[in-house]
Structure formats: structure tokens, C-alpha cells
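Okay, so subunit A shows up in both of these, paired with subunit B first and subunit C after.
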Partner chain A sequence: MDVQTAAVPPPRAGAAEGSEVSAEPAPSAGPGSAIELVGIAKTFASRRGTVAAVERVDLVIGEGEFFSLLGPSGCGKTTTLRMIGGFEDPTEGQILLHGKDVVGVPPNHRDVNMVFQSYALFPHMSVFENVAFGLRRKGVAKRDTESRVREMLELVQLEGKADRRPRELSGGQQQRVALARALVNRPRALLLDEPLAALDLKLRQAMQLELKRIQREVGITFVFVTHDQNEALTMSDRLVVMNAGRIEQLGSPREVYEHPRTRFVAGFIGTSNFIRRPVRSMEGDVAVLDSGTDERIVVPGARGRRRGRTPRRRHGAPGEDRADRAAALGRPLRHPGACRGGRVPRHVDAVRDAVAGRHLTDRVRAERGRRHRPR
Partner chain B sequence: MTRRRLRGRLTPYWLALPGWLWLLIFFVIPTLVMLSLSTQSGSIETGFRQTFDVANYSQTWSQFHVQFIRSIVYGLIATVLCLTIGYPVAYWIAFRGGARKSSLLFLILLPFFVSFVIRTQSWNFILADNGLLLTPLKSGHLVPQDFHILATSTAVVGGLAYNFLPFMILPVYVALERIDPALLEASADLYASRTAAFLRVVFPLSLPGVFAGVLLTFVPAASDYVNASILGGAKTTMIGNIIQTEYFTNLEYNKAAALSFILMAALLIGVFAYARALGTEDVFEVAAG
Partner chain C sequence: MSAVLDRPVQAPQRTRHPRRWRGWLLPTWSWLVIGWLCLPIFVMILFGFNNTQGKFNIKWQGFTLQWYRQLFTIPDLTNALEASLSIAVIVTVIATILGTLLGMALGRYKFRGIGSVNLLLFANIAAPEVVLGASLLSLFLTVGIPRGYWTIVIAQVMFSIAYVAVTVRARMAALDPALEEAARDLGANGVATFFRVTLPLLMPGVMAGALLTFALSIDDYIITSFNAGQTVTFPLWVYGASRNGVPPQVNVMGTLIFGFGVLLAVAGAAINRRRQA
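Take a look at the complex of A and B:
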């Protein structure tokens, strides 16, 4: 039987299970959209032609939202963020900041600020000067600058460190200076490029809460790039999971965790078992998989998403060899036999071993065939 | 136990010993010998005797202060030229060099593979009255027939700037190369124009390189004698030429030594004043990262 199993950590409290985080967000961005990406694509020239970093991304990020771009390295999340910030120009598409197309507008003329992964603090300036940099460039009056910087340093709890140089601070403190330096300008949106990646676990967790608190306090849209699913699930109102330059899924942490829409998301978020077997029959919401032995695998699909496509005719009638071949090829399987009703359950939340009656505490999804069609 | 610990603690000193010996034999002792020589009186015929006479200093100063000041001025002009030419080159290589950085640096260093004297001599050929540059200009009546470049201060300063340019480019390049490109993005993100980003971030962070480059250019340029003797004339004599003549031609060892110490003192005072003015503390702090 082609089963991959792995230990499954329970979902973090406040992330997917119950709690306000999953309750409040809606799948839509709500009324005011802060950032809109329309058909954004970015290709880079390399020695062997061009490499697509981002392919046709459409996204609407709402005003005041804590929005995460989550994905493995090289998935295009940072490129997407950098395009919003103006550090890269998209090859195609539009970027709307509060309704205005900003493609071609340099970063110093965009109303967003960035917290860089390396913090990029100016090493030759004091903490105060670092935080005051943006205000001074904008020509804010000296007295206002002074009071706004002090206020911001208070917000990030660095009141006493104003005269220090960045290298005299710890990583977490530097991180907060970077945050203050960006926020003091009161941007319409704050872009954060893996800002916690360099911190150790404990500090990172503390900073997660801290970031959340600050975001609530200032009420600014946060666009947060991370490869850490815990971070994204804990902090975000909504998130997208990206892979190979595309959006795999957009939704609230709970939706993404409990109803991964693609195999990639299921594999990337949490730890999942993938069981690849032909579907013998569909009994209501329950799919019965052929285990290859006398046992049957019963997959309750009640909580699975039922928006699967109707299998097309040309995939033919249920056939075990096709299924087996697909499994052997490591390709997901379509199981037309299960779909007499016209729908394939794409995701189901648990697998029950019908014979033993034992619960595998796991999320399992029936494979979706469209993208990985056996050829 | 204590013995072993003691030996362990002494290890760095033992390891540094060859270096210390080298400095002692080839720097400290010669310097002391020259210092003693500079206060001796006599001549090569009568022999030199130690008289602790500082007259050598006052005498040579009043005799050669023109060349002395000229050397400092030439050195300063050459340094400023090197900085204005070298900084943009270093900047371009550091930020725009991309994959060609090392080839570009190699090109900067390539002239070093030809002897200093030969390179300077080839400038003599180029700039000579009937040389590569002036012959066509004169035959085309673009410049007067008696126009000349060689033996002018332009030729000498130009030669100095040419010869010491890499010593400016390399340290400035190293300083610029160490600047995290994210700092440029951060300044753009924080509303700085390109000019503001350069003035507020890039230039201050490159100061340690500029400091090193200025020292590496100015000190040897001010005490150089090769350029003045190959490209210069009677009116462009530098203090290096005087020291050389006093020592090797006139065999006035004591005066040559006194002149050397005046030059050394002037350069050291200049360097420390410069470091002070630039805020060495800051400079070294930035250099330390």
C-alpha cells in the first residue's frame, strides 16, 4: 500500500483550532483594498534564457489586514513583496496601492515601507538617527521628527537605546529598530520580508506576539513574507500559500490548514499522510478506497471540499491498472468510479481504518487529478 | 600546570616574534641609525661625528623648503585627482561590476605587472616635445610650436596621479563592496533620493576606504622622486629628488637624513590631523563593522 506517514503535531492553539484568529477573517479582502495585484508576473534573465519567479499572481489585500505570503524558498513570495515595495518591477501586470497603479514608481515615492530580512539598519547611525531617517528625508519638522521617533521607540520598547549603534544591540532589538524605522513614517502598508528568520525560536515566538500587538495598535496593513507555516498560521488574518511562482491557495489560516486545496498545500502545511489508492465506491460522503488487501480504507469526506471537477469522459471508466499505474508513477490518481455523482471529493480530513476502527489522527486528501493527469 | 598555562599564554608572543624581529632589524634600527646620522656633522672626507647638532635640520629646511612645500602640494593635488577619478571607478565596479568584478579589478592591477619606472618612462615618450601626443597636435597647428608638457608641474602631478591611482581605487572598492546593497534599498524605501542615499549612506560608509586610499596615495606621492626625475624639470624638483641627490650624489648623509625626518614628521602630523578631522573613532568604528 502506498502510504506515507509522518508524525503530526497538533495544530497550534490559536492558529487553526477554534479561537478568534480563525473566526474573524473572511476569504474576501473586505471593503477597502490596500494592495491589489493584477496578473503580476516577473521573469528574470539568467544565463540560460529567462526564469519566471512569479507567474500571474492576482491578489487583493485588505486595509488593515495582517496578510502573509507563505511558501518554500524560491516560490516567488519575496519577489512579490519586493514588487509591492518597488524594488523590482513586474514584467507583466498591475500593482495598485490604494487604487493607484504604481508600476514604475520608485520605492521612495511609494507609500509603503519595508522591514528587510537582514534589517538593513544603517551601521554608522544611532538608533535614533536610523528611525528618524525617513522623516528627515520627507522633510518633517525637526520637533515632530523628534517626538515621533521617541514615540515609536516607546512602541517597540527601545526608549533607552536611542543613542546606541545598531551593532551594540541584540538581534531582537535590531529587529525592533527596523520595525520602528519603517512604522514611524506611518505607511499605508508595511512590508515585512521574513523579519523573524534570524531570531532564535523563543525570541521569534515573542516577536510574533509583539508584531501582532503592534499591528493592532497602529492598524496598518501588514504584508508578511515567511517560509514558516507556524508564523503564518499564528499571525495572519489571511494568507496565500505560494509555490513555483503561483498562488496555491488563498484563505484564512483555518481554511488553509483544514482544507488544503492542492496536494502541495496539504504537504506544506502541517504534516500529512498521503494515501494513494483507487476509490472503490462512494457511499454518500464517504469514499471507500481499495487497500489492495481485504481491508478497506474508509475516508469520510464530509468535511472535504466538494467542489471537485466532474471527471471528463476521456479519462474513461474506473480501472485498477490505470490507478495502479498512476500510483506507481508517483502521480496522483483520479478515481472516476467514485464520482458517479459527478464530483470528486478532493480533500478529506481523516482516514478511518474501517477494520480496526482506529483513527489515524491525520488529514488525508484524495488526490486531485487535474494538474497531475497521467499521460 | 601553571607552567603549561604560562606557556600557553605566551604562545601569541612567540608566534609574533619573527614579525617583531623583522620590524626591529629593518625598521627600528635603520630609523635610529638615520636619526643619529641626522644630528652628526662633518663630511664624507673628514668623516661624520656625532655632535647632536640640529643645524642640519634648520639649514636644510631654509635651503630646500620650496621643494618641500612643492612636494606636499603635488602630493595633495595628485591625491585629490586620484580620489575624483578613482572613487567613481571603485563605485562602478563595486555596485555595477556584477560577474565581471574580478576581471575589472585585474585590469586595474594590470599596469603593476610592468615596472613603475618603465611605465613612467613611457609617459615621457607620450608627452615628449616631439612625442606621440604633441607631434600630431603641433603639425596640425593645434598648439603653439614651443608648447610642451614635459618638465611642467602638470606632467609630474599627472604622473603621480597615474601611478598611485590603483592605491586609491582598491581600498575604496573594498569599503564600497562591503556595503550591504539592502542599505541602498532601505534608504530608497525611506524616501531618500539617489543623491541623498549616496551622501547619507554610501559615502559615510566608504570613508574608511577613502581614508586608507588617501594615505596610500598621498604619503608615497609626496615623497616620490621617480615622476619628478622622469617627467619633471628643474622647476618641478620634489623633496624626494633632493634627498636622493644629497645622499647619493653629494654624499651629505647627515643632511639627507635630516630632510627625511622633516618629511616624515610632516607626513605624520598631516596624517594624524587628517584622522582627527575625519573623526578616526568613527572611521575605525565603521571599519569594524
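Take a look at the complex of A and C:
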């Protein structure tokens, strides 16, 4: 059980480049922002008053980025995506697509396309007609339409299926038609609402690679909604973890995985256990916890908790040092004076990755001995 | 392990017993019902070929095609058929359009009063025709509208809308709203979305409603008789003639209308199958 943090492989291949263990700065959106959400909120009127689906979301998604919205069911991912696509109007806030405020602009006048969770392929049209639908609405010349559709079907490897009806295709093929139908319009951003959720595991993994390949090939911004953390961690350049209509954390997959900013993120990402044990000793910023047996629990980043309330969460703040990061983690500390000025905390809450077996510092919470009730 | 092995051995034994009587009972029963349903139609068709001599066409007197040749020799009957057909076409067009719009609204949107509208549709279908006909007549009398061709149209549209609305409502409710959103997303405006996506997908429901309306209209007697004034439709004429004996031309016309209906239904099914294939 004596586990160290060094030299642990990244969450999944391709999740993030670089071999540094500590958090890299999240690649920020950069100057060419494709989508900006400014103080977005959405409430639905329901029979019992109003439901807040999204509360104050601020987000900047960069040009050409593969960006994921990750979160549990009902956290507002779909609602956020639908607001970008123009299917819902935000109750509050602004949506900027390439710098232009598009609130109130109908979907057919927005330069983004959507891949629906149900695919929403037109059942009365052939694959070809489905893919050609958008071009025909825009009055693209017949010959151009033909060649662009063929080209797109080639990209998604469905050349021979042009005359089929959607119902004659497998789930994965339907999914690719939906993708082709959206991409053929050359949108400036593609919105994908859990496009892989209906596929079985094997196909899903194949399609994940496929999606990545296509995104690289076309170089379009992808906004990808999923409740599958593996999917988000493997595919994204950056992601946000959402909970109850709010953003919990924004960052690169590696950042979010290794340095969950809140207890929620720590619990949601990875398979982890929370452990609270008394501190046996403190070596630098590594706490050694008493496991109750002969084993030791070693927790890095357990030092440097500031006294009093923790500062507000800071999104995407790059390059914090460990002490700062530890301070930024967690909820307001209810036990002031716990570990001030290098004092050794009595007890520490640690997040333990149940798969990799190592300890992630989520929050380090010390308690006075007297108040501590052993479990 | 033994339980796994036992099961396939036991299963056929358990099903063999019921299959023995199901083997003949179900087909026999089915054919009896089908025969029962088809008998009147068969009699109608058969007696259109009856070489009847007297006024009454109820006894088989040999095969002839003369009634087909003399189909339009009774002017009143011909006029009545014409009135019925033209009314049916007008009613079908109006009721299908209105009923489709109503059914779409009921199947997709939630709005104030949706419950009462649904109840109204149900009441319209469930209410006895005599009541509908009589109350409509008193309405026309009160307002002072002269009864005739157009009051028949109004009356029939009134009771047909509910049937169209109900079939379209079911279809609309089953339609994934994302399909229309996808159309909008791909650049279609409201009109293009309706005509290229919504309407084609609702078509089976719309066609079913239209066929039902046509059939209801062409053979409606009760409501029409209240509101017809001096206008005579095919069913009204037949009913009037039945006291003195129904001429075989009626059987022939009935056969042709029936054949036309079957043709439409078959064509509709074929189109549907092709579209889905």
C-alpha cells in the first residue's frame, strides 16, 4: 500500500502530451476563440416553478480545439450545447460565435452544425440525400453538391452506402452518416451531443479514434458532450467538468485527472476512494498517513494549506506551484489553524485512485484531535 | 449445470400440447371472422352481376354484365353519386388540412387547453351521429343557413377532422423532434423543414386520415340526412329507393367505390413500403 506518485503513466494514451507529472498549464483558448459563453444561464419553466439547467457558465473555446463538456446526467451539458446551436435561448448571458453575439439567431443562420445523440437521420431519405440536405438548402450547385457529398462519404468510409436508407445501416454507420451530414457544410464548429452513447464498447472505442482522426483532418472546432470520463479524457484537448449547471473545473485531461480542483471532480474523474487518516509524519509536502496497519499512506501535496477559508476556485490558472494548488483545492476549510506555517495536520483527507493505486491530492483537511471521531 | 441441460429438453414438451389445438383452431377462427366480414361485400358484388327481372334484386337469376353497361341510366342516381363524390373530395381536402394541423399541434406541443381539445376530439368521435346531426341541424336553423350541398360539406368536415387529427397526432407524437431540429441546423427555414421533413414523415398518418375521411364522407347517411335539404347524396338516394327495390346499378356503383377504395389502400401501402425500403 506504500504508493508513490512519481512515474505514473498518463490517464490514457493521447490524453496529454509531455511527460511531466505536475500539471501543465491548460492550453488556453488563445487569440482565435471560436465560441465564447459569457455568463450563460438557462432556466426552464416547469410545473413546479423553474428549473435552473445552467447557471452562470463562462467558457472560451479555441479555434480548432477538441473541447469536451463532461458531467453526470442532468448537469446541463445538452442544454449548454443546444444554446450554442441555437435550439434554446439563454435566459441570461451572451454567446459569441467567432466574436459575434448570436443570441436570438435561429439555428439555420448559425455557422455551427450539430450531431444529435439520436443521430436524427431523415428516415425517408437515402444516405446521399441526408448528407446533401444542407448543401441543397444553401443552393450549392448540383455538381458541387455531388462531389462534396461523395468526398465526405469517403472521409467517413461509407462510399458504397450512398443509396441505402438510414435504417439499413448499423449504429456505427448511422453515426458516421450523421457526422458526414454535419461536416459537409464545413461549419466553423461542430457540436456533438453524446454521439457515441448508443454504441457498444468496442465500436465506441473505434469511433473515438475515428472522430479524432476526422477532427485532425478537417481541423474544425469540436464541442463534444459526454458523461463518459474515459471518452472525455482520451479525446479532448481541454475539457470542463460540469455539475448541477456549473463548471467545476476546466483544464487539460491530465490536469483534471491528476489535480482535481474539487471533491466533486475527484469523485467523478477516475475511480477513486476518499480516505481520511491521521498524519504520522510530514516530509516536505508529503504527508505520511497512518493506515491503521503496518502500511503507510503517502500523500503528496498535503502541505501548505492556508489558514481560514480557501480562496475561490480559479479556472485554468496555469503554473501554480503546489502549495498554491493545494490551497486552491477543496471547499472552504472549516477548521482554521489546521496547518498554518508548516504545522503538521492531524488528519488528512486523501483521494486514492482505485485503479492506479496512487494518491491524488484533492483536499487536505486537518482536524483537531479531539474533534476527530475515528470511523 | 444440470438445470441448464434440462431446460431445452423440457421446453418443447411444454409447447407441444397447446400447439396441437392451436394448429387448427386459430386458422379456422380467423377464416370464419374474415368470411363474416367479407360476406356483405361479396353479396353486393355478386348481385351487381345478377340478371334480375323484377324490381327487387334479392334472388339470383343468372349472370349478366348489363348493369355495368347501363350504369348511368338512372339520372337521379347518377346525380346523387356525383354529389357524393364531389362532396367527398372537398370534405377530404378540407378535413385533411385542418385535421393535420390540429394533430401536429396536439402531438408535439404543450399548450393551455390541450386537455380540453383532446377531450373534444374524443367526444366528437364517441358522440352518437344522431345527436351530432340533429344538433347541427338546429344550429343551421337558428343561424338561418339554408340546408343543401354546402351544409353537408360543413357537417362532414366537422366530424371528419377528429379522425384525421387523431391519426396525425399519434404519428406526430412518435416523431423525434430532433429530426426537425436537424433540418433547421442544416440550414432549412421553417417552410422547408415542414415540407421536406415533417410532412413526408407524417404522410402515412395524413393519408390514413384522408382515406378514412373519404370513406366516412361517401357513405355517411345519418348526419347528412339531417343537413341535406334538397340535395340527394348516394346513400340518401339508396335509402329512399330501398322501399321500392334497389336497382342493381347501386350494387355496381358500390362495387366500383369499394374497388377504388381498395386500390387506394393498396397503392398507399405500396408507396409506404417503397419509401421505407
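Here is the rule we use: the second predicted complex is superposed on the first by the 258 of 375 C-alpha atoms of A that agree within 3 Å, B and C clash if a C-alpha of one lies under 4 Å from a C-alpha of the other, contacts with A are read in each partner's own complex, and residues count from 1 in each chain.
Convention: a residue touches a chain if its C-beta (ideal position, glycine included) is under 8 Å from a C-beta of that chain, and two chains touch if they have at least 3 such contacts.
Keep in mind that what you see is a predicted model, and the values were worked out from it rather than measured.
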Subunit A as common anchor, with subunit B and subunit C clashing or fitting: clash
Subunit B/subunit C common contact set on subunit A: 85-87, 106-108, 113-114, 116-118, 120-124, 133-134, 137-138, 165, 167, 181-182, 185
Residues of subunit C touching subunit A in the complex: 176, 178-179, 181-189, 192, 196-197, 200-201, 275-277
Residue ranges of subunit A touching subunit C (in the complex, touch as defined): 85-87, 106-108, 113-114, 116-118, 120-124, 133-134, 137-138, 165, 167, 181-182, 185
Residues on subunit B engaged by subunit A in the complex (per definition of touch): 180, 182-183, 185-193, 196, 200-201, 204-205, 282, 285-286, 289
In the complex with subunit B, residue positions of subunit A that touch it: 85-87, 106-108, 113-114, 116-118, 120-124, 133-134, 137-138, 165, 167, 181-182, 185
